[in-house]
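Each in structure tokens, the structures are laid out below.
Below are two complexes that have subunit A in common, paired first with subunit B and then with subunit C.
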Partner chain A sequence: MPVASPLSFSLLLIASLAIAAPAGAQTATSTFSANLGGIAKLSFSSNALSFPDADPDTVPLIAAAGGAITITAKARASLAATVTLTVLAADDLRSGVETIPASALTWTGSGAGFVNGTVSRATPQVVASWTGSGIRMGTQTYRFQNSWSYRTGTYSVSLLYTLVSP
Partner chain B sequence: MTCGTLLRSGFLAVASLALLASAAAAQPGPKLDISITPVTTTFPLSDPDTVPIVAATPVQITYRIRQNDGPWTLTVLANGDLLAGPASVDISNVTWVATPAPPFQNGVLSKTVAQRLASGTGTVNPARQGQVTFRLANSWTYTAGLYTQTIVFTLTTP
Partner chain C sequence: MKKAVWSGIIAAAGVLAFSTSVYAQQTANGTVTVTANVNAKAKLTINGLATTSISFADADPDASPTVTANTALAIAVKARTAGNGAVTLTVRGLNLTSGTDTIAISALKWTSTGANFAGTGTSATTEVSVMSASGSGNYAGSQTYTLDNSWAYATGTYATTLTYTLTAP
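Here is the complex of A and B:
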């Protein structure tokens, strides 16, 4: 029976060493840090509204001449946070010393999250609300409550929109 | 068994040990070095409308490959998605632009498969540098937060 010589044994070991030689590898690590903080942006299809004069008997609610306003609200909010769009009148409708309550302005909202409402000069009124981050679009169609009791004049008021997320 | 046979066998055993030792000394393998500067890559806060792609400060990669006759590869792998508590941003939103090309190439980060960042053959000595600019696709849909993740660069020879 043949017996392996010590020389052949050593060659076998060398061969196995060559096969088992580890591949070279070096690593380095880097840490990513991305500040995706809360930001918001609001835009309107128009920044002005006008209501034409009309007979209060035939047109008790005057629609805005420009039609609906398209609102685009973009917000990056915390997880499951509520994003709210509100509107607040800076004052009553005013023509010199004459005034008409801001509540004479009402609107109907359309689009996901948009609601109907009445303008206030005291408390911000909710125009729309959503949950979490995203881009939302909707419309607001304003109407003016017409009345024989108003004094003649050209009335105006500024409306302040605020998009917030806690 | 004679005494002469025993002596011959002992000689052969010693010879084989010497061969093993020389084999170990002649098996140096490739010598690889890699370093990254800076070690933290920061994506600044940006408006997605005006900055749809947020570029981070470029990363300098210094690498050296010695005692190598074959190919070498530099890969990059993310340990996961960008995370901010329970919120996440898929790591595939991070791409990179690398120079010089070659040996560097552009790509998209993955958390599952190491992506090739550079490759070549033979030695690189003295050390050379590459520059990688990571870019995050910005979006309004991301949940607000400070996201982090670890990226691993690996320089290998087969």
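Here is the complex of A and C:
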């Protein structure tokens, strides 16, 4: 993507001023522009979440062993554009042939733009949204709905995050 | 001088020409892997407790050939198993005793309600099935004991302990 970097922009401006300065009686106007295209970056404090075993009667909602995940989203967008971060489960939680619905995973969000939600394997769920460019940070605290009806096993699933900067 | 100015304008035009505007939607992706451990567990409560008691009032054997316990037992079985593992609840007890006098444990019978619960049963000194099911879940039922009444019993206050065993693989 051919975007003028801030460095090249500065060099061109200095060159132009150096040429134009001695002009004295003559003036000319040069308009320089730098087109900053959209760009998006996403990072997590951890790429793994683990839920320990627990008694469903005493711990109906199990907190992740590692605590909250801190999410950093960097986006460059037009002034009024909405930057959106969503999450989608690749599947239900699976342990061999046994499954637990992805909706057993819920989260609470903290930080500007972050919302609470429930994981879905069918529809991307909004984790956070903002307006315009910037670096945004927030946390997601996941919980796993415990139940006596689950069959024993080690269940896993991948959560796919997508940051969209229009 | 004109050349210098024109050079500046050409340079600016060059910047504009080569700085193509890009407004395509940008996306960034990330993945978090989730792991949840679900281990085997079994829990049994009777009337919400680990231990409870029932009693039978004295009655005329002619008028009441069987005596119903003062309260039904609310049995809650909770189990987590692998696959369709068998969940079984059994009960056994010793004969009822009052000093040296005894009443056979088989005099204690029950009726049950609830899915997976045996409808009726007779107590024994060996394990008798109360409930059986397949796989994880909550299984609730009610068990009502009766005591066979008889003119043959020696007077006394008889007691025994019934031991329930929940098994889940």
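One rule holds in what follows: the second predicted complex is superposed on the first by the 134 of 166 C-alpha atoms of A that agree within 3 Å, B and C clash if a C-alpha of one lies under 4 Å from a C-alpha of the other, contacts with A are read in each partner's own complex, and residues count from 1 in each chain.
We take it that a residue touches a chain if its C-beta (ideal position, glycine included) is under 8 Å from a C-beta of that chain, and two chains touch if they have at least 3 such contacts.
The shown structure was predicted, so the numbers you read here are calculated from the model rather than taken from an experiment.
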Have a look at where A:Gln26 lands relative to subunit B and subunit C in the superposition and call it first, second, both or neither.
-> both
Could you tell me if A:Ile135 is touching subunit B, subunit C, both of them or neither one (first, second, both, neither)?
-> first
With the two complexes superposed on chain A, say which partner A:Ala75 touches: subunit B (first), subunit C (second), both, or neither.
-> both
Any idea whether subunit B or subunit C touches more of subunit A?
-> C
Answer with first, second, both or neither: which of subunit B and subunit C does A:Gly37 touch in the superposed model?
-> both
For A:Ala122, decide between first (touching subunit B), second (touching subunit C), both and neither.
-> neither
Who does A:Pro166 touch here: subunit B (first), subunit C (second), both, or neither?
-> second
Using the superposition on A, tell me which residues of subunit A are in contact with subunit B and, in the other complex, with subunit C.
-> 22-23, 26, 28, 30-35, 37-39, 41, 75-78, 165
Residues of subunit A touching subunit B in their complex?
-> 5-7, 9-11, 13-14, 17-18, 21-39, 41, 74-79, 81, 132-135, 165
Subunit C residues touching subunit A in their complex are 1-2, 4-5, 7-9, 11-12, 15-16, 18-41, 43, 78-83, 135-138
Residues of subunit B touching subunit A in the complex = 9, 12-13, 15-17, 19-20, 23-24, 27, 29-36, 38-45, 47-49, 54, 56, 59, 61, 68, 78, 82, 84-87, 89, 94, 134, 136, 140-158
Complex contacts: residues of subunit A adjacent to subunit C = 1-4, 12, 15-16, 19-20, 22-23, 26, 28, 30-35, 37-44, 46-53, 55-57, 62, 69, 73, 75-78, 93, 95, 98, 100, 104-105, 142, 144, 148-166
